[in-house]
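The first chain written gets the first letter, and so on, giving A, B, C, D, E and F; residue counts start at 1 in each chain.
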Amino acid sequence: MKIVYVVPGPMDDQEAKRREGLLKEWAFETTHVEVRTVNQGPASIESAYEEYLSIPETAKLMISAENEGFNGAVLGCAGDPGLDAYRELTKDMVVMGPGVSSLHAAALRGNRFSVLTVTDSTVPSVYDLVDKAGLQSKFVSVRAVNIPVLDLAKDRDGTLKKLLEHGREVLKDGADSIVLGCMSMGFLEVAEDMEKELGVPVINPAKAALKLTESFAHIGYAHSKKAFHTPPKLESGKVNSLDELLFVK
Amino acid sequence: MKIVYVVPGPMDDQEAKRREGLLKEWAFETTHVEVRTVNQGPASIESAYEEYLSIPETAKLMISAENEGFNGAVLGCAGDPGLDAYRELTKDMVVMGPGVSSLHAAALRGNRFSVLTVTDSTVPSVYDLVDKAGLQSKFVSVRAVNIPVLDLAKDRDGTLKKLLEHGREVLKDGADSIVLGCMSMGFLEVAEDMEKELGVPVINPAKAALKLTESFAHIGYAHSKKAFHTPPKLESGKVNSLDELLFVK
Amino acid sequence: MKIVYVVPGPMDDQEAKRREGLLKEWAFETTHVEVRTVNQGPASIESAYEEYLSIPETAKLMISAENEGFNGAVLGCAGDPGLDAYRELTKDMVVMGPGVSSLHAAALRGNRFSVLTVTDSTVPSVYDLVDKAGLQSKFVSVRAVNIPVLDLAKDRDGTLKKLLEHGREVLKDGADSIVLGCMSMGFLEVAEDMEKELGVPVINPAKAALKLTESFAHIGYAHSKKAFHTPPKLESGKVNSLDELLFVK
Amino acid sequence: MKIVYVVPGPMDDQEAKRREGLLKEWAFETTHVEVRTVNQGPASIESAYEEYLSIPETAKLMISAENEGFNGAVLGCAGDPGLDAYRELTKDMVVMGPGVSSLHAAALRGNRFSVLTVTDSTVPSVYDLVDKAGLQSKFVSVRAVNIPVLDLAKDRDGTLKKLLEHGREVLKDGADSIVLGCMSMGFLEVAEDMEKELGVPVINPAKAALKLTESFAHIGYAHSKKAFHTPPKLESGKVNSLDELLFVK
Amino acid sequence: MKIVYVVPGPMDDQEAKRREGLLKEWAFETTHVEVRTVNQGPASIESAYEEYLSIPETAKLMISAENEGFNGAVLGCAGDPGLDAYRELTKDMVVMGPGVSSLHAAALRGNRFSVLTVTDSTVPSVYDLVDKAGLQSKFVSVRAVNIPVLDLAKDRDGTLKKLLEHGREVLKDGADSIVLGCMSMGFLEVAEDMEKELGVPVINPAKAALKLTESFAHIGYAHSKKAFHTPPKLESGKVNSLDELLFVK
Amino acid sequence: MKIVYVVPGPMDDQEAKRREGLLKEWAFETTHVEVRTVNQGPASIESAYEEYLSIPETAKLMISAENEGFNGAVLGCAGDPGLDAYRELTKDMVVMGPGVSSLHAAALRGNRFSVLTVTDSTVPSVYDLVDKAGLQSKFVSVRAVNIPVLDLAKDRDGTLKKLLEHGREVLKDGADSIVLGCMSMGFLEVAEDMEKELGVPVINPAKAALKLTESFAHIGYAHSKKAFHTPPKLESGKVNSLDELLFVK
C-alpha cells in the first residue's frame, strides 16, 4: 500500500525528510509512505487566503499521485484546504484531511472535544471544520496559543508549555479530549507529552490522518462521488485537463 | 456611494455590460455601480475546484477596488467562493457574498426556505453555505435543475419551466420561500416570474446581494476583523503584498 | 420610497421628532421616512406582557400605513412584538422587526454574535428572537446591563460605560460581533462609540432595521404569505375588518 | 386542589359547560375544575393576530384566578398564546399551555412526534411551539387538516376521517406519536379513536395539559421567575396594576 | 390507581419503607404506591456498567408488575437504565424514567436548565439523557458534587451545602431551573430547601417522575409501541418468555 | 498487534470461524485477529432488551482480553451495546463499536448518510447511535429491510435485493453514503456488491470497525478516561472485581 503525504506549501528538503521519517515510524509495517511538496504556495497557512493559495498546485500533485498508483493521500494541513476539490478531481485514491479526521478521531475516543489552534486568525477555520465534520454537538471550545506556525518548532518547550496551559483551560470548559489544530504541532510530537500530562486523549492530526488514510486505503474506502462530483466540464469532456479549466481572457 | 460587482471569472464585455445595466436598474438612485471581471479564472463555477480557481485573481481585484475607494463589493458568484479571504484582505469596504446574503434574505422574508441550484455537482456547496450562514434550522431542501451554468440563458423559457417544476416540489417539501443558487439565474430575471407563478418569495441572489451591500455600505457596516483577521504575515509586516504570500521554492 | 417607523407605545412628540431626524440622517437620500406613534400602549417594553399590550393599536397603524401607500415599515421595538401578526395583516408592504434584522445583520458581518439587552426580564425574549431568526448556531451569549429602558438616555455616559463593560465580557465569551437589543439604545447612538472602542461590529437595531427595510422595499421584497397567512376569517370574508375579529360576548 | 381552565375567547355557556364536564371526567377525583371564559376576544384562534388579541383579557382572568386561590390554570388554546405573559404576572399558581405540554407529553411517550393542526395559517405557530418546547430534535412534521376551528365539531366523523388520513401520512414521515394541535380537537375526543385506529399515541392537548397542571400544582411546581420575570414596572412599584401598564397618551 | 416504584438494586427494607412513605406523601390521595426492590443488582449506580447490571432483574419486576395490574411504574434511578427495554417488554403499563421526566419537568417550568449529578463518572450519562429527552437546546450545563451515592445521606447538611454551592454556579452559567440527577438526592428532600434558597425551580427526580407517572397512568398514556417495539422473537412467538431470550450455549 | 473480535451472543463455532476468516482477510498483514464468543447471551440482537442482555458476559470477555494483552477489541454488534461500559472497565485496550465507527466512516467518505437496519424494532437504536456519534447534522434517514437477523444469510440474494431496493430509496432521500446497521449484514459481504450497484459508499460495519480498531490500536489511541470513568467503587478499591459490583441481597 502506497500513501503520499502532500505538503501544500514549499518546504525545505530536510524538514520534509524529517516528517517522512516520522510518518514511516507511525505507519503500518507494510505501508510505503512518501512526502511530496509543492513548488509554490504559502510559506505557512494562517488565513483563509493562504489556504486558497495552496490549492492549485496541490491539486496537480494529488492528480499525479493518483496516476502514479498511490492508494491514499494525506493532505498536509490541518485546515483541510481544498479537500473537497481534491476529492472531486480524483477517483479511487483515498484523500483525507487531517482537520476533519482529527475531529472524528476525538469523537471516537471521547465524548466532547476542544481544539487548540495556532493563532487567532485560524480560529474561524476551526468552526468551519466542525461544521464540515458535522460534529457541532461534540464540540466544546477552541483556543489559540498565538504562536505563529513557523515559530512553533523554534522553542519546543515554550510551545509545549503554552499548549498545556490552554489544554488545562479547555478541560475546565468540559472537554474530555483535545485536538491539535496544526500539522506543525503534530510533527513536534507534543501531543504525546500532553496526553501524559493532562490524562486525556490529545489528537496529533498528522498521526490521526495517516492512520485513517491507511485504514481506508487498505479496504478501498474512497470518497463518495455523489458528495464530491467530478467537475461537469471534465466529466462531460468539454475540457480535458485541469489547466483548461482555467480560462484566460 | 460606489459599489463594485466583481465577476470571479472571465466574461465577455457584452454580457458584463448587460449585467451592469441590470445592477444599475436595481440600485438606489444615488449608487454608482460598476462591473469588473478578472482576466483569468474558470469559465463558470460548477465545482469546488473551480471555486478555488477563481480566488487568486479575484482577491487582487477586491484589493484594488478598496484602494480605489469603492464602499462595497458584491462577489459575483452565488457559492461565495473566497468570501472569507476577501474580507481578510480588505478593511473597511463592505464585501458581500450572494450565497449567504440570499439565505439571510429568505429567512427575513419567510420561515423556511429551499434552494434551487444548477447542477448536482453544486448541491454540496449549498449545504456548506447553509452552515456558513448558520441557518440550518430554516433550511428545508435543495434541488438541482441540472442545466449547466453556461446553458441557462440559451433557453430562458426551458430554464424557467424547469425552475417552476422544481419550485413546486420544494413547496411540497414545506418551504415558504425559495432561493436561486446561481448568479446566472439571477441575471435571467426569472425569480420575478417565479414569484408571480408560485406565490412565494423567490430570492434573486444578484439583487439580494446588491441591496444588502448598498445598505451596509451606506452606514459603514463592514465585516468583523475579529471574524476575518488580516493574514498575520501581512499584519505583522513580514510580507508587504499579496504576491509575497505566495512563496516559490 | 416611503418608509414608516412605527413606535408601538405612546411617545412624546419631541422624542418622536428626534428619532425621525436620526432616521432621516441614516436613510438613503431618496427615502421618505416618517415616525408614527400609537395613542395607547406600554410606556416601554420590558416584559412579554408589555410586548403583547402593544400589538392591537400597532396593528391598526400598520394597516393604515399600507393603505396610505407606504412601501415599508420598521417596527419600533427590538423584541419584534407582533411582527408575525403585522405581516399576516399586510400584503405588499415590507414589515421588518429590528430584533431579527439585527441578528441577521450581525451574522452577515461576523461569525458569532452576542446580544446586550436592557434588563434581566428581557433576556428570555432574546432567546426567542434567536430561535425566530433561526440563528442558534451563530449565537454566543446574552447579557443585560440592567438599566430600565426609560433611564437609558438619562445618563448616556453611564449607559455607554455599562455597555462597554458587558461588551468586553461577551468578547471573552467568543463573540466577534455585538447586537444591541433595544431601540432606545439605538437612538442613543452608542453603537458607533462602542464599535470604535471594542474593535468589532456593534449593531444598532434602529439603523439595521431601517436599512434592511429600505433595501427590501426598494425591490419589492415583502414577506411570504405562505409563512404569514392572512387570518382565514378575513381572507374568506367571514369578517371584514380587524375590529370584527374581536368578538364581544 | 383547584384548577381553572381559561378559555381565551368568548364561548357560549353550553359549550363551556360541556368542556367543564369533560375536564371533570379526566381530572383526579380530588381535583376541583372550573371553566372560565373571557368576555371579549377572538371567536377562534387561527392566526398570530388572533392569538395576541386574546391576551389582555385572559391576563386579567389569570390574575383573578391566582387571587382567588386556584392552584393551577390551564390555558385553553393549543397555540399557548400569552403563556409567558401569564407566568410573568402570576407567582405561585401553576400556569400551563397545552401546546408545549402536548409536545413534552409526546416526547415522554415516544421518540419522534408529528403535529396535526387545523389550518395552513396555524402551521407557523407549530414551528414556534417546537422551538419554545426546545424539542426540535424530536419533531418530525406538521400537517394541517384545513378545517376551520369553528367547523371541527360540526361534522365529527368528517373531521376524524381527515385526521386519520393525515395521521397515516405522518406515520410514513417517521413519527411514532402524534399531537393534536387544537383544543377543539381535544374536546371532540377524537384522539382516543385515532389511537385505537393508528396504534400509536395521539395526544389530546386538553387532557395532557390538565394532567400536567394537576401534577405540577399538587407538588407546587410553578414556573421559574428567573425565566418569567415580573414586569419590572410592577415589581419596582412604579405601577400598581395591569391597567396602569397600558399608557394612554 | 396503582403505581409501583421499582428500585433497580438491592436496598435494605427500612430505607425502602422510608422511601415508600415519602412517595405516599407526594402521591394523589387516590393513588396506591408500592416500593419493590430487586434481589440482586448494583449497590448503587455510578457508572454505565452498573446501569446495565441492574437491568435483567428489574425487567422481571416490571413484567410482574404489569401482570399484577399496576397502572404505572416509576424506575428508581435517575439515569433511567433500561427504560427503553422495560417499555419494549410491557404493553399498557406506563413506565417512566426519572431522568428524562425531570428534564421535561424543568423545561416545562423554565427555559434553560442545568443538572447537578453525584460524581464525575455519571456526567456522561447526563449528556446521554439530554439527547434521549431531545432537550439539547434547553440544556445549559452539568456539574458533579462528587459525593458517592451511598454517602449522600450520611451528612445531609454537607450534601445540601455542596448542592447549593454548585447550584449557584449553574445559575451563573445561565440556568433558570435545576435538575437533581440522582434519586438518593430526591429522597433527601433537599430540592425543596434549595428552591427556597436559590429562588428557582429545583426538580426532585423522585417527585417529578411519580407525578408524571400518576398523570399518564390516570389517562392511560402509555408509551408508543412504534418507538418501543416488543422484541420480535417474543412478538412472533419464537420464544415465550424473557428467560428464553437468554441463550446458553 | 493483537485484535479480538467479541461476539456478544453465543454463536456456533463454524460461523465464528468463518467470520474470523473474513476478518483476517480484511486485516493488515501484521495484525493478529481472533474471534471470541460469550457462552450465554441473546441469540441475536433485535431489541434494546437483548442489547442489555448481552452486556454482563461480554464485559468479562473484554476484561480478560485486556489482561491477555490484546491491543484492541471490536464489539461484534452494530448497536454498540455496552460500549461505554467496556470502556469504563478497560484501561489501555482500544474498544470500538461498529455502530458509531460506521457512522464516522460514512461521514469521512461523504457528506450525508442514511442507515439500513434489519427490523423496525432496531430503528430507535439507530437514532440513539446517531446521537452518540454526535452526527445528527449528517444523518438523512433510516430504513428497515425487515428481515430478522438470523434469516439474513439464509437467502443472500433476497437480502441483497431488499437492501438495494431500500438503498435506492435513501439515495432519493438525499444520502450520498449508506451504512449497514447490522454485523450479520457485514459478514454477508453485501456492502461491496451494493457499492458497485449504487455508485456510492456502503459501509460494512464489521470492516469499518476492524480498520478503525487496528488504526487506533497501532498508535495507542485508547478512549478518554474522562469520558469513560472507571466505576468509582472499583477505582477506590471498595470492591475488587466485576462480580462484587453485583450485590445479592
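Just so it is clear, contacts are C-beta pairs under 8 Å (C-beta built on N, C-alpha and C of every residue); 3 or more make two chains touch, one makes a residue touch a chain.
This structure is a prediction, so every number in the text was calculated from the model and none was measured.
Think of each touching pair as a link: the shortest run of links from subunit D to subunit E has 1 of them.
Common neighbours of subunit B and subunit E (chains touching each): A, C, D, F. Farthest chain from subunit A (centres taken as the mean of C-alpha atoms): D. In this entry, subunit A maps onto subunit D through a rotation of 180 degrees when their C-alpha atoms are superposed, rounded to the nearest 5.
Subunit C has its Cα centroid 27 Å from the Cα centroid of subunit B. Separation between the centroids of subunit B and subunit F, computed from CA atoms only, is 44 Å. The set of subunit B residues touching two or more other chains comprises 111-112, 124, 131, 136-137, 226-227. The touch graph of these protein chains has some other shape, matching none of line, ring, star or complete. Annotation, chain-chain contacts: A-B, A-C, A-E, A-F, B-C, B-D, B-F, C-D, C-E, D-E, D-F, E-F (touch as defined at the top). Those residues of subunit A that touch subunit C in the complex are listed here as 124, 127, 136, 141. On subunit A, the positions that touch subunit E within their shared complex are 111-112, 137, 174.
Within the complex formed with subunit D, the subunit C residues making contact are 9-10, 37, 39-43, 46-53, 55-56, 59, 82, 84-85, 88-89, 119-121, 124, 128, 131-132, 148, 226-233, 242, 245-249. Residues 26, 28-30, 96, 100-101, 104-105, 107-112, 131, 133-138, 171, 176-177, 199-201, 203, 207-208, 211-212, 214-216, 218-219, 221-227 of subunit F are the ones touching subunit A in the complex.
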